[in-house]
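Dropping the structures in below, format is structure tokens.
There are two complexes below, and they share subunit A, which is joined by subunit B in the first and by subunit C in the second.
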Partner chain A sequence: MIIRPRREDHLVIGKYTGKVIVGVGLLMAVPLLTSVAFGEWDTAVDFLISMAVCFIFGYGAQLLSRTESDLAWSHGLVVAAGSWIWATAIGALPHFLSGHESSYLDAMFDVMSGYTTTGLYMLQDLDHISYGLNMWRHLLTYAGGQGIVVIALTFLFKGTAGAYKVYVGEGKDERLLPNVIQTARAIWLVSLVYLGVGTIALSITGLALGQNPVRAVLDGLWVFMGGWSTGGFAPQSFNTAWFHSISYELITAVIFIAGSFNFALHWAVWTGERKEIRRNVETVSFAITLTLTVLLATFWLAKSGVYPDAMALFRKSFYQLASGHTTTGFATIYSRAFVTQWGTVGMLATTVAMGIGASACSTAGGIKGIRVGIITRSFVADVRRMVAPESAVVREKYHHIRANWLDDGVVKSAMAITVAYVSMYLLSALLGALYGYPLVESLFEGVSAGSNTGLSCGVTSPFMPAVMKVAYIVFMWLGRLEFMSVFALLGYGISIVRGR
Partner chain B sequence: MAQMNRTEGYPSLTAREHWGKYAAGVVTEVVFILGLTLMGYLLALVAMVIWR
Partner chain C sequence: MRRIIALVAFACLLLAAVGSPAACPAKTATPTTSPNSPTSAELVEHPKQWDGETITFAGEAITQAMIRGDHAWIHVNDDAYYLKNVEEGAPLGGYNSGHAIWLPANLVRKITYYGDYTHEGDVVSVTGVFNAACGEHGGDMDIHATSLDVVAEGHEFEEPVSLEKLGAAVALVALAGLLWFANRKATHADTFGAAGNSKR
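Our next item is the complex of A and B:
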């Protein structure tokens, strides 16, 4: 029997969702100040209107949902999934008001892509948008990488018991420190230190490349945000290819690979456990699958004779593959070059890299290295059991922060989520094929959306069918929240309609 | 003396005594990533030797 939610359930969910919406409104203060600083008054008005809408909805929801009850687990999942939809619907206002989007759906696509750190976009004439809107795009992806709820946790939530339930709902289920608020702050500390170091390195490189100081710093900041969050947004339509600089490529590669590491790994390495980086199942799995996919693409491209020398081959092959595997989406080749130059093998190697993705509890998407590592180890354990004497007890361990036993529950959970991701990837490929796109291209683009990568072979555009835009929005959302929160939200909806 | 967290009574995450460890952590991560990048360059070299 399905139990209909009580009034108290709605109140708790409304209260916490309201807090997150207020958080989105507060975030808009940054692009608002940027617009004012550069005298972009039209953009400033767009942000003022959008902030007002956020505060009306956010505080309105809290006012209508006054309750002293704390969140239960199911509430936390529903708040996490629901907040992303509300934050997308309202966060799309500045995009839409800018006049650079052809519809509100396109604006929502771009904002969901930003929050989920995907990087696909519909925005038109990117090279001529305002500083304020550029700041908002990159802030969206930086904040989305942290997790919208982590932001709210850090600044707006007073309790910790309920807060942890929302934090888990957003797909970050590791505590770096015993206290969840301290965990959220540690995540911020790691991100802010890299923000400082990365922005300075990119700004200096930009200056050396001849950019004017203001633009060098802004591009440095924005490209850092796009890289660290593994979002892949850049201020130019040519993405990082615009800089034509190996230094810029190396620095951005360091930033996005570091951004794809598990925050628990960062924290372990930063607190003295430096061996963890070469023992952790996620970094080991990432190093192996990155090597294999780079090997496949590099050998194929060398055989095809696309690039004239080893340096050119390395710069194109490693960068695209590492960007895809970390689910960043920075690119130094044109979208259509995947089809016209890289061919089927190059595209499939990139698709596999994107599909696997990087680390759990990071800014990255995809199946995640920890699941690939766990499933591989369970196969190894099965083989060992088959060749071992019948009386032998074979138990396998994997290392993630500490040694963990590989029990059936862990393997089943990893398999279930992997099957969910693979099903989503296949569904996205099928949908693209139904709309007339070649299968390899629709698989590439669908995996890119579902794994929150953002590399494009040219399928994503304002001319894409509306059904595919909606489907990609859902795939980005599902992929980022790793399904469970979204299923909980669906279950909540069904229980309202059919519960007793 | 370590800067203390006012409400919870243990050294703040940003206390100066942690800075050295944090810097060493950043360096470790960057070196690891540059190692992966070097692997990419070596693969490109080998591929060019084989196919050209």
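Our next item is the complex of A and C:
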């Protein structure tokens, strides 16, 4: 029997969703101040309107949902998934009001893409947008990478025990510190320190490359945000190809690879456990699958003779594959060059890399290295069991922060999420094919959306059918929240209608 | 439950009002098309066909030049916005599209305006060799130009703030302030009420 949620359930969900949306409104202060600093008054008014709408919704929700009850597990999942929808709907206002979007749906697409650190976009004439709007695009992806709920946890939740339930609902389950609020703050500490260091490195490089000082610093900040969050947004339509520099490519690669690592791994390294980098199942899995996919693409591109020498070949191949595997989406080639130069094998190698993705509890998407590692080890254990004497007990371990036993529950959970991701990828490919896109291209693009990567081969565009835009928004949302929270939200909706 | 439905309905109405076409007028004119043959899109679509060919490519110089020694990089867009951009009221016509141009630094000095939020950049015409994957520049797709002419000078502009938008902003900020105050008062009352109850 489905139990209909009580009034108290609605109130708890309304109250905490309101808090998250107030957090989104507060975030808009950064682009608002940027616009004011550069005298972009029309953009400043857009942000004023959007902030006000966030506060009206957020405080209105809190006023209408007065309760002292704390969050239960189901509430946490529903708040996490629901907040992302509301934050997308309201966060799309600055995009829409800018006049650079064809429809409100396109604006929502861009904001969901930002929050989920995907990097696909619908915004048109990117090269003429304001600094304020560019700041908002990159802040969205930086904040989305940490998790918008993490932001609210850090600044707006006051020591509630239920906070952990919302945190988990956002696809993160590592507790770096005993208290979840402290964990959220630790995530911010790590991210802000890297933000400072990364921005300085990119700004100095930009100046050396001939950029003017204002643009060098802003591009440095924005490219860092796009890289660290594995979002892949860049301030120009040329993406990172704009810079024509191996130094810039190397720095961005270090940033997005670091951003794709588990926050628990960062914390372990910060607290002196440097060996963890070599031993962790996720980094080992990432190193192996990245090497294999780079080799495959490099072999194919060498055979096709696309690039003039080995250095150019490796530089293009490694950057695109590492960007795809970390689900970043930075590119130093044109989108259509995947089709016209990389060909079927190059595209499939990139698709596999994007589909696997990087680490759990990071800013990255995809199936995740830990699941690939667990499933591979489980397969190895099964083979060992088959060849071992009948009386032998074969048990397998994997290393993630500490040594963990590979029990059936862990394998089952990894398999379930992997099957969900693969099903979503196939569904996205089928949808694209039904709309007449070539299968390889629709698979590439669908996997890119579902794994929150953002590399494009040209399928995504403002002229794409609306159904595909809606489907990609859902795929980005499902992929980022790893299904469970979204299913909980659906269950909540069904129980309102059909529950007793 | 009724309050939740009311809240959702209110939020939808608010979004519908602020995000309505009236708030962001539709631009219905036909987008400008590329002046080039081959266009930037055709070069990307058929790179082998044009690799090593000398071509003339025209479009808007955007953002800035990056001078590297005696040469420089500029980026030239031949998209729907190369004559007039969205901020100036051009209709939406898809993504930006253009090419990277590598040319002698002294040619760059001819350019006065680069396109960005407050500028429509100079329209320039360059002639040079198209490289599908340039050996000198790490496999980048680029054009090595030997000449540059400014076809049309760009200009500075400022987007005016619409009074309707400003009015809406003032009204919404006032409403947000009221709700913030009401929420603060209610929270205060809850805290004191709870403290009073616990004392009793």
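By our rule, the second predicted complex is superposed on the first by the 499 of 500 C-alpha atoms of A that agree within 3 Å, B and C clash if a C-alpha of one lies under 4 Å from a C-alpha of the other, contacts with A are read in each partner's own complex, and residues count from 1 in each chain.
As a working rule, contacts are C-beta pairs under 8 Å (C-beta built on N, C-alpha and C of every residue); 3 or more make two chains touch, one makes a residue touch a chain.
Model, not experiment: these values are computed from the prediction.
Student: Any idea whether subunit B or subunit C touches more of subunit A?
Tutor: Partner touching more subunit A residues in the overlay: C.
Student: After superposition on the shared chain, which partner residues are touched by A:L295: those of subunit B (first), subunit C (second), both, or neither?
Tutor: first
Student: Is A:L97 touching the first partner subunit B, the second partner subunit C, both, or neither of them?
Tutor: second
Student: Output check: A:A253 vs subunit B and subunit C. Expected answer is one of first, second, both, neither. What do you get?
Tutor: first
Student: Go through the superposed model and pick first if A:F261 touches only subunit B, second if only subunit C, both, or neither.
Tutor: In the superposition, A:F261 touches subunit B alone.
Student: Is A:T271 touching anything from subunit B or subunit C once the two structures are fitted on A? First, second, both or neither.
Tutor: It touches subunit B, and subunit C stays clear.
Student: So, does A:V467 touch the first partner subunit B, the second partner subunit C, both, or neither?
Tutor: In the superposition, A:V467 touches no partner, neither subunit B nor subunit C.
Student: Looking at the overlay, does A:V419 come into contact with subunit B only (first), subunit C only (second), both, or neither?
Tutor: Neither partner.
Student: Can A:D309 be said to touch subunit B (first), subunit C (second), both, or neither?
Tutor: Once the two structures are laid over each other on A, A:D309 reaches both partners.
Student: Enumerate the residues of subunit A that count as touching subunit B in its complex and touching subunit C in the other.
Tutor: In the superposed arrangement, which is not itself an observed complex, subunit A uses residues 309, 311, 313 for both subunit B and subunit C.
Student: Please output the residues of subunit A touching subunit B within their complex, sorted ascending.
Tutor: 179, 182, 185-186, 189, 193-194, 197, 250, 253-254, 257-258, 261, 266, 269-272, 274, 277-278, 283, 287, 290-291, 294-295, 298-299, 301-303, 305, 309-311, 313-314, 317-318, 321-322
Student: Under the definition above, what is the set of subunit B residues touching subunit A in their complex?
Tutor: Touch residues, subunit B against subunit A: 8, 13-14, 18, 21-22, 24-26, 28-30, 32-34, 36-37, 39-41, 43-45, 47-48, 50-52.
Student: Quick check: in the complex, which residue numbers of subunit C touch subunit A?
Tutor: Subunit C residues touching subunit A: 1, 3-4, 6-7, 10-11, 14-15, 18-19, 23-24, 27, 41, 44-47, 62-68, 72-73, 75, 77, 79-81, 85-87, 90, 92-98, 100, 115-117, 132-135, 137-142, 159-162, 165-166, 168-169, 172-173, 175-176, 179-180, 182-183, 186, 190, 194.
Student: Under the touch definition given earlier, write down the residues of subunit A that touch subunit C in their complex.
Tutor: 7, 10, 14, 40-42, 45-46, 48-49, 51-53, 55-57, 59-66, 68, 86, 89-90, 92-93, 96-97, 99-102, 104, 107, 124-131, 209-212, 215, 236-238, 241-244, 246, 306-309, 311-313, 315-316, 332-334, 336-337, 340-341, 461-463
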